[in-house]
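Which chain is which? They are A, B, C and D, in the order written, and residues in each are numbered from 1.
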Amino acid sequence: MCGDPVIWKPSEKSPLCALMVQKICDRVVARFGDDAPDGLIQTVIGERETGEVLTASRDVAIVSATGSTRMGQAVSAAMARRFGRCILELGGNNAMIVSPSADVEMALRAIVFSAVGTAGQRCTSLRRLIVHQDIYQALIPRLKKAYSGLPIGDPLAEGSLIGPLIDRDAFDAMERALEIARADGGDIFGGGPALRNTYPDAAYVHPAIVEMPGQTEIVREETFAPILYVMKYSDLDAAIALQNDVPQGLSSCIFTTDVRESEYFLSAVGSDCGIANVNIGPSGAEIGGAFGGEKDTGGGRESRSDAWRGYMRRQTNTINYSRDLPLAQGIKFDI
Amino acid sequence: MCGDPVIWKPSEKSPLCALMVQKICDRVVARFGDDAPDGLIQTVIGERETGEVLTASRDVAIVSATGSTRMGQAVSAAMARRFGRCILELGGNNAMIVSPSADVEMALRAIVFSAVGTAGQRCTSLRRLIVHQDIYQALIPRLKKAYSGLPIGDPLAEGSLIGPLIDRDAFDAMERALEIARADGGDIFGGGPALRNTYPDAAYVHPAIVEMPGQTEIVREETFAPILYVMKYSDLDAAIALQNDVPQGLSSCIFTTDVRESEYFLSAVGSDCGIANVNIGPSGAEIGGAFGGEKDTGGGRESRSDAWRGYMRRQTNTINYSRDLPLAQGIKFDI
Amino acid sequence: MCGDPVIWKPSEKSPLCALMVQKICDRVVARFGDDAPDGLIQTVIGERETGEVLTASRDVAIVSATGSTRMGQAVSAAMARRFGRCILELGGNNAMIVSPSADVEMALRAIVFSAVGTAGQRCTSLRRLIVHQDIYQALIPRLKKAYSGLPIGDPLAEGSLIGPLIDRDAFDAMERALEIARADGGDIFGGGPALRNTYPDAAYVHPAIVEMPGQTEIVREETFAPILYVMKYSDLDAAIALQNDVPQGLSSCIFTTDVRESEYFLSAVGSDCGIANVNIGPSGAEIGGAFGGEKDTGGGRESRSDAWRGYMRRQTNTINYSRDLPLAQGIKFDI
Amino acid sequence: MCGDPVIWKPSEKSPLCALMVQKICDRVVARFGDDAPDGLIQTVIGERETGEVLTASRDVAIVSATGSTRMGQAVSAAMARRFGRCILELGGNNAMIVSPSADVEMALRAIVFSAVGTAGQRCTSLRRLIVHQDIYQALIPRLKKAYSGLPIGDPLAEGSLIGPLIDRDAFDAMERALEIARADGGDIFGGGPALRNTYPDAAYVHPAIVEMPGQTEIVREETFAPILYVMKYSDLDAAIALQNDVPQGLSSCIFTTDVRESEYFLSAVGSDCGIANVNIGPSGAEIGGAFGGEKDTGGGRESRSDAWRGYMRRQTNTINYSRDLPLAQGIKFDI
């Protein structure tokens, strides 16, 4: 990474993918022969303690950490103590605003894909839908209809669009969130276990749409599951305020055909997220742009423009090739 | 600052300058009338607790802190807890390498200015001198001679080149450092109180040159006073290793006329500081370059290129103006 | 200009402004004393021959020329012969597309200002109006009404919005253009001399709106006078084709509230001009952006980003500070 | 090239290489199927008239031409007439300055490689050697010795370092240049035909070193053959003046270990070429830098940074998403 050696500690819940990638890296590194030092790219598997060894070691100049806000705080504080650098990509609570002028067909496709794709387990999954009151009735019933027909199943099987949650803990967290949402006045569509008979050990679920009377505490939390909270708005400023009024600041989007609305949403008084899209979902096609978020998302950026800055030292150089010695700020100092 | 309002908390030891600047800012802000919100630029005077209020408040999105490493760690950890941003400019322990090919006259002037100017109380003051053995005898005796003739006195008086230390604590710290250096085998030239009779309440000192047998612990510390530790080298790589082997990473320089040495010093295997100069002192004329340092100096940058990045939010935008909806990573997801 | 000395040859029709500016420059240069060489900024007054002396002289490394396409061709060819550089800002034939979703009030104001301001004698004056058929009746009658009430008069007098043409030649060119347009089937509103009794020696005119059956030859020419050719469209691609189908490529704009239209207009298949605005006239508020145009406008850019490139030399440097000699393309060549 | 289709017209003297590359491109283009339009990359073989068709056609928006200054002038003037763009890379007359502090071994290798490699038929071939008088005797005799041992032969054969000139015209031009140089007082070492018996139809030559009493007219011309003119200097400013005093401005270099000399050479008062290297020949390892030259070399740049600017349109956009209409320069214009 920018010439730095890399140690990769994957989530303890998904070590296999990292091990596969390590094998690929090994082959690549081998091609460079002696030009590539031993251990240039390494994978370590472990839990919290392993991570703590990395953040504690002065030999690790920078830690790029993706995960929960709590983990991010721990990493960030550990690195701060020794003036190491962090690139944090923590929680997201990504919203879409659907304006009256939106292309409803397009919005519909974008919502379903970004709310239920990878079973809502993407950092940029859509979690909150803020719909203008004038378009609410044209959108929500169709959305529920689309949800009803989604094929849940083995993610490796042709045709499956929704696979399982990662484990039973994730399932429990989803259930708990739905319960709280209901207690807050939410009207739940969908949710609950799926394919229990076929896959008794897996945590398949039906994705849920929850129409909320307001943005209660549970809505302001990131639940890593396919729950989509839906809220109504009548005024764009209020919708943006709602969108911004969560601790996380990863991704956001607006569906509108009105250039005044789209540019306003992208302006300094618009979305406060690190990613803001127009007519494309929060887990959009922004590949190539700097990726990361503001506020509790941690402020880090990976990929493209500026990401290299996180990984590199910066140095300001002045070369005096004259035969005189200029002094700072033009000071006179004759000895 | 980049459109952000500013609250300035100066060092509790030097509040008057801040208050003067505040007065100037008030006049400037007044010219903008209602376009400038109330309290756009404010000064608060206080000690550690005042600073803690600022770092604790979520309303303060970013803290740019200049001062000690200990303060920096506290600020950094406090900000990490709430994912606020820091721009830290902490301690420096700035060195100069003098190579055999150096222009001795030029080096001499640069050393004196940067070691004793503002009585060694500049973040970029020269604190360590790493001299090639072949030029040592040509340089050090002349340096001592130059020190002997330096006019110490009221900094507002014409002709004074060395004013007082900021307070008695600073004087004590200097005395203590010299004692330790002597115990470590250092050979001290100069040092000790000056102008005691004329200014009994002020902390005037004679600047000190300390020839050290090696880079002991006290040399690796920043003592905010006019102490210059001198060491010998015979090989450039060893000199660079010595220069880099301190916790701080603010400024550094080399005096050489050899382009192979100068570029090597500026290369990835050269100085690890945020500032590296050639034929110009560490408190050089780098105005216009990004200012700040690596390692325990805290990694922040103020002034010019890139500094604005510290003060601004970043947002990646994708605008889909087509009538199709591209999905992330080209995924197929038909509902 | 980027450290270069400047010789300014204003249009022979307007020397006084240049002479005034020269006086200001003289005062500025004088402040620098001996640091500013004699003749750093000079004004020369003259006709074509004077310009030819400048383009012929090898001492003039770069010519930035603003004026007619014919002049630009002559300058460009003369500079090409000696590999001098040009920055050309030649004719414009700026259009506005008004889409059905446009804010009509805003468009109206923008049209009037940019078509009749400075009596249509601005390089970025609006000369062509391409209006969607569905909004044509809502816009054109109101535009004519606005034209009827415009105060023509001494440009130094309070309240005047339209001053005179620069000379009788300009008046004749306007009359000739209107005649041709009428012969082409154009329906002319306004036009003709104004204030003849009050200012018998000046060339005041009534601004003209000409509804055209198509983009005939006269519409494709730049007539430096307040003539606005109006055409209808029904399909955005056709409107953009019309907008692009002139030799000049300076400025262009669209009035629309539809983000799909605005971004399409700004895309690679949209306007081919050097300036393209949305909801702002062609002589818009783009101060701060690079200024200039494509095609027969000459390709030059002044102001901001990139403009300095026109005025400066560029040099690629490689410093080899190793003790080895790398050869180009890794060639092996042992002697 | 930056999304533009390409028509390649190689030199009429070397069509085969272009045809081979075209075959490769055909294979690449084929992979894109219908996404790549027919004729995306084409090769045309022809002489001057073919080139004139390209420069005359308004369908060819930009011509990047490499070749002689005369050709460049013709292309440039033809493009100027229709405001087409050129990227010109014309003649070079590349020099090396060898300072007293130079690493002689390194300079020697660099001189031989860049003066005789590809038999002096590279745009960046070394043509002029400007040697400090104090190092002249240490360098020139060794250079002659190195020249004596260079293996001339079939460029495809292992061990050959010098192949033939491209044709008999090139041979005649070299002979003519050497004659003139001799008449100007030049002292010639080497030169003349080689391997005539083995390859009667080819134009093999012995590379020539010509010690000149000064920079006469023939030295200021580019002769595309392995002739190296050698001159002496005693003062760096004079050496740089000599280096700059030719019409061409492609590449240049200095061999020195003195940072004051190297940076001076790279400064605004140093080399006026588009490429300037330190301790690396003019046909150096600058791959990755912008490639091209100033003055009669034509000013164009290919490769990396900025080169894309030559191939692309530029557009300044302003989007007004407010409900107000700002006017240029804050003008008040109420209708």
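Basically, contacts are C-beta pairs under 8 Å (C-beta built on N, C-alpha and C of every residue); 3 or more make two chains touch, one makes a residue touch a chain.
Heads up on the chains, UniProt names are A, B, C, D = aldehyde dehydrogenase (NAD(+)).
Nothing here was measured: the structure is a model prediction, and the numbers come from that model.
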item: Chains touching both subunit A and subunit B, listed by label; value: C, D
item: Chain whose Cα centroid lies at the greatest distance from that of subunit A; value: D
item: Numbering shared by both copies at the subunit C-subunit A contact, with half separating same from different; value: same
item: Centre distance in Å when subunit B and subunit D are each reduced to the mean of their C-alpha atoms; value: 46
item: Rounded Å distance between subunit A and subunit C, as computed from the means of their C-alpha atoms; value: 46
item: Centre-to-centre distance between subunit D and subunit C (centres being mean Cα positions), rounded to whole Å; value: 37
item: Where subunit B touches two or more other chains, by residue; value: 259-260, 262-263, 278-279, 319, 321, 323
item: Residue ranges of subunit C in contact with subunit B within the complex; value: 259-260, 262-264, 267, 319, 321-323
item: Residue numbers on subunit B that touch subunit A, as the complex places them; value: 3, 72-73, 76-77, 79-81, 83, 85, 88, 90, 103, 106, 108-110, 112-113, 117, 124, 146, 149-150, 161, 262, 266, 268, 271-281, 283-287, 289-291, 294-299, 301, 306, 309, 313-321, 323-329, 331, 333, 335
item: Touch list for subunit B against partner subunit D, complex; value: 256-260, 262-263, 278-279
